[in-house]
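Shared chain: chain A. Partners: chain B in the first complex, chain C in the second.
So, the complex of A and B:
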């Protein structure tokens, strides 16, 4: 266990119960690294988790306050929490792609609409991997999964020129970035920017799942193979190649440009109290 | 000719769904059910069924899609567990209120919080009042058989109600057992063609499903819903009789086990009933008149029949794998009501066991039976509600 995990994470939860070779640990590490580089302490952050691999492997790892939400509802819970927490407390959520872009998308859109201050790291293993590997809303076209043995052909939020980050941008999110787990410090920098934005920030981070995604799509659980497969299809924004599925870097940055949800409520309630005859 | 196979509970249920060849299936993954829908989507992909498969983004949407497809006039299925059922809750009532014959295997799993993926009955018991018919299954064979019978019950013209088929998460869903599969043709003949009733797709005869009904008529609708429930037991028994003809396996509203002349009895659902039967046998061997009731049809509940079956018992323990916090376990409350029917008053105690997949072992059943023997002798209960197999 390195210094960072000792400082911020519960020793009995590390290593997590993720399969060996799972890339989720890289994302987890990037978040903790970002927290550290911003000089935040354990008590500065409330950490929420969701369901599935992303939820299960990060749940209860944070030494400080945390909560486990039901599937898709973490954004709604976090909005409620945002209203009651002191503004300087950071809310960080580590969730999965099914949670954010499937079952919880409506809550996420409304959290974006009102620009509620939270930083969401969407750990994307390209489908429903904890239930055995069914395709989801970011599964690349043509991928073989348990529920698409002949290749995924449904429209989803990352196909035919559609991009879920575009949906969230138009919904009102103020910081959006995309990375793959192997992006290292570049991902850490984006997460730091996300945390510093007083508003809704979301970092979409694709990570390799050798157990259920790799084994179906590539026919092997060989960790190196799925890492290479993702790496080859990722490129920094502006340097995309023909086969690039994930253009990485900051997708949209309007940090601190729009009033934040809880701040705006407090301010308006204050004004109403002063002016209305209560 | 039946085919003997070694399969998991989930696999057996998925095979029953394949044999029923539904028109529409709405699927969403959740542990420990995923495997059923997973296998079923394989049947769709391989062209073994004529089913439209809709992969939805939540269980709320899954049940909504089922409601739409069923009202449209098709044979419709889905499957779920735990939080998935909890998320469907709003639409469960609509499926029942609209009298839609949807069939849904429920692989029983504990409810959050805290998060737990293992088997208990809190999900199914939570849906008790939704208006769905519920069949509970001890093992994979029963889950398979109940699933096949569920279509007949749901689609019966006197009934037209949704049916939930419950089986224990992991203990049954993921264990491999010996199963007898019926031939596809035998199942096809048994279930029969789906018959439409007031389908939305019949544009010549427009109908409305679920419109606003205010105090002037709402209660009449609910009264009618109660009325149809009173007809279910008979249909369940008729269907079981037909099923026996093709399978040789007999089903009732519940299973009485060594109950004639029993002084003490357990009432227990699903897989744990299998464990408890062994303990009952042991007590019988020792000359203690023990017996057991394993309910199968939980909604509508066969109060009178179960009261009659338990008539000789002086002391009864109702075992619940779910709790109603601040009350007795849900099965206990049913049995207590049933006991009023014949005006008999055995001593009735309640044990809560096996929550969140906690093992239920033969020694647990033995302890309870020993306690019951004491209660029967002394005529006094030590305590009425108690958790067993728990660290205090």
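So, the complex of A and C:
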């Protein structure tokens, strides 16, 4: 990451204060790699984050302009920003699963509904880990966390045949993909496609949290164990096994197929301004 | 100057546009809906943007996003929507984002009575979010024409102070039809005392802990200044920092940039028959003040030494008007007594302080005259049968 780090990230914030062994850095690196491979410069991107591990550890790392919203609200802020930033500026958001799929889901659905141009990386540590480890909306059934000591038994957005990406697809998002942190270049390729879509793109990226998820579910903070546990339950789309929880790859690609939010608002406003009608 | 017979909502819309507002995100709610509708009609004509949020919380966040993009932005609501601003309001205070927020008060709590005026958010506008450690600016007009002027002023102050400003109106102001003059150019604006402050772009540092300076441009993203802002305690460069001492310095700024520059807006009040040290000072704001002023004039004709103090600048509370030991009567559109608590706090210790509350409807002039008479005779105000003690 050294070259990329120098080019795009602030030395003050790298390395981050994430726990050692945390997989978030892999996701972060994949995003920066994608930005690099697309030939984007620091000034081409405004970077937003949420709170929780994913938000706080990535906030202020980008050399260019950045912001962090309160819990779950960054999609609404980014939508207002989208309307007022030049259209060629990219908005990239690195957020957590609790933020996107819990408290912020309404705002995320509405950002998808209007196909607002932004690329959202949902870094999923399988629950609320910055608060010590409580289950969330993608925690696999039966997983032990501090708030599911008997194993998680609530319905969630990834249980009983549900898939949160399906919700977002029907809400109007135009690019959706899923990966795990260890997917490397495959994840980078998906993120690149997401950034190139003029519309709402979301990449769901599961990453290992040895400190809180691993220690409760697997009884050990051993980094290798949680990495293996996630990898074993992930498989490329079409090659799923019986125990596959996360089918990885591009889930839905309707890139550039329907009007983008800010572009269509601007166009309509311009017509009304000139002709007083539509 | 163009004259209209129009609503307060119309006046507020025109005021916002004159102030340079080009972004409105709202959510339908009685009695602020017509304001959103007027904005949806007017803003695109000016090249501005109107959108609807999925709820009020989103609406104010959308405004924050637009402000971060360099726009002057506003939203409008009533009590049940204002409470949903708690989250973005706090963010905007902490990140020092200029915004204009209009609250048209109705009868609460919760949905209550939708189409009648109330003043239940006097304290809520002082503490619109959690955590404390900040000061807020709140202004309250009492007519459609004044609402236009106050909205322009609110935009002006929000830029200079880098903070959201709430304009607290009520259903009678926003819905009522009145004679309204709208300035048609900068010269006419100046003539009417309208002040404007342009949006400028902060070139860093982003934050100014432990200072009370104003007139600093807000954080604007997208100009590659490396600007950073977040909900965490900021360093000067906008990095998040987990340190009580640093937070204390940030909080100092959020409190004292406003407290130390009150002279910019504490001239916003109206005094009627207050020059001869009246035996009774009637305190009010918003629509009830119009009835109070009429009642006080009548009481003077009847020989009562009564004066009226109308507050426009509500927060920070203008304690300076309450230095004299005398009798006070707070007239409010609520039954629990809110403004009266501040009067009680600010006035000299053994002043006699009274409260007269109505809600959903204005007090009548006979009711007020009766109250003045009793207070001046040293009698306490009687309550209706089922009302127990005074507040």
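One rule holds in what follows: the second predicted complex is superposed on the first by the 275 of 278 C-alpha atoms of A that agree within 3 Å, B and C clash if a C-alpha of one lies under 4 Å from a C-alpha of the other, contacts with A are read in each partner's own complex, and residues count from 1 in each chain.
Basically, a contact is a pair of C-beta atoms (placed from the backbone, for glycine too) under 8 Å apart; a residue touches a chain by one contact, two chains touch by 3 or more.
Just so it is clear, the structure is predicted and the values come from calculations on it, not from any experiment.
In the three-chain model built by superposing on chain A, chain B clashes with chain C. Of the two partner chains placed by the overlay, only chain B lies in contact with A:134; chain C stays clear of it. Of the two partner chains, chain C is the only one that A:43 touches; chain B does not reach it.
More chain A residues lie in contact with C than with the other chain of the pair chain B and chain C. In the superposition on chain A, contact is made by A:70 with both chain B and chain C.
In the overlay built on the shared chain, the residue A:220 is in contact with neither chain B nor chain C. When the shared chain is aligned, no partner comes close enough to touch A:239: not chain B, not chain C.
Judged by the touch definition given at the top, the superposed model places A:257 against neither chain B nor chain C. Contact with chain B, but none with chain C, is seen for A:150 once the two complexes are overlaid on the shared chain.
Applying the stated contact rule after C-alpha superposition, one finds that A:102 touches chain B and leaves chain C untouched. Taking chain A as the common frame, chain C overlaps chain B at a single listed stretch, which among 1-9, 19-27 or 127-135 is 127-135. Residues 51, 59, 68, 70 of chain A touch chain B in one complex and chain C in the other.
Those residues of chain B whose C-beta lies close enough to touch chain A in the complex are 27, 29-31, 34-35, 38, 41-42, 45, 55, 57-58, 83, 87, 112-115. Within the complex formed with chain C, the chain A residues making contact are 12-13, 42-43, 46, 49, 51, 56, 59-60, 63-70, 73, 76-86, 89, 106-107, 109-110, 265, 268-270, 272-273, 276. Residue ranges on chain C touching chain A, taken from their complex, read 23, 25, 43-49, 51, 53-55, 57-58, 61-71, 73, 87-88, 90-91, 221-232, 238-240. Looking at the complex, you find that chain A touches chain B at residues 51, 59, 68, 70-72, 102-103, 105, 128, 130-132, 134-135, 137, 146-150, 154.
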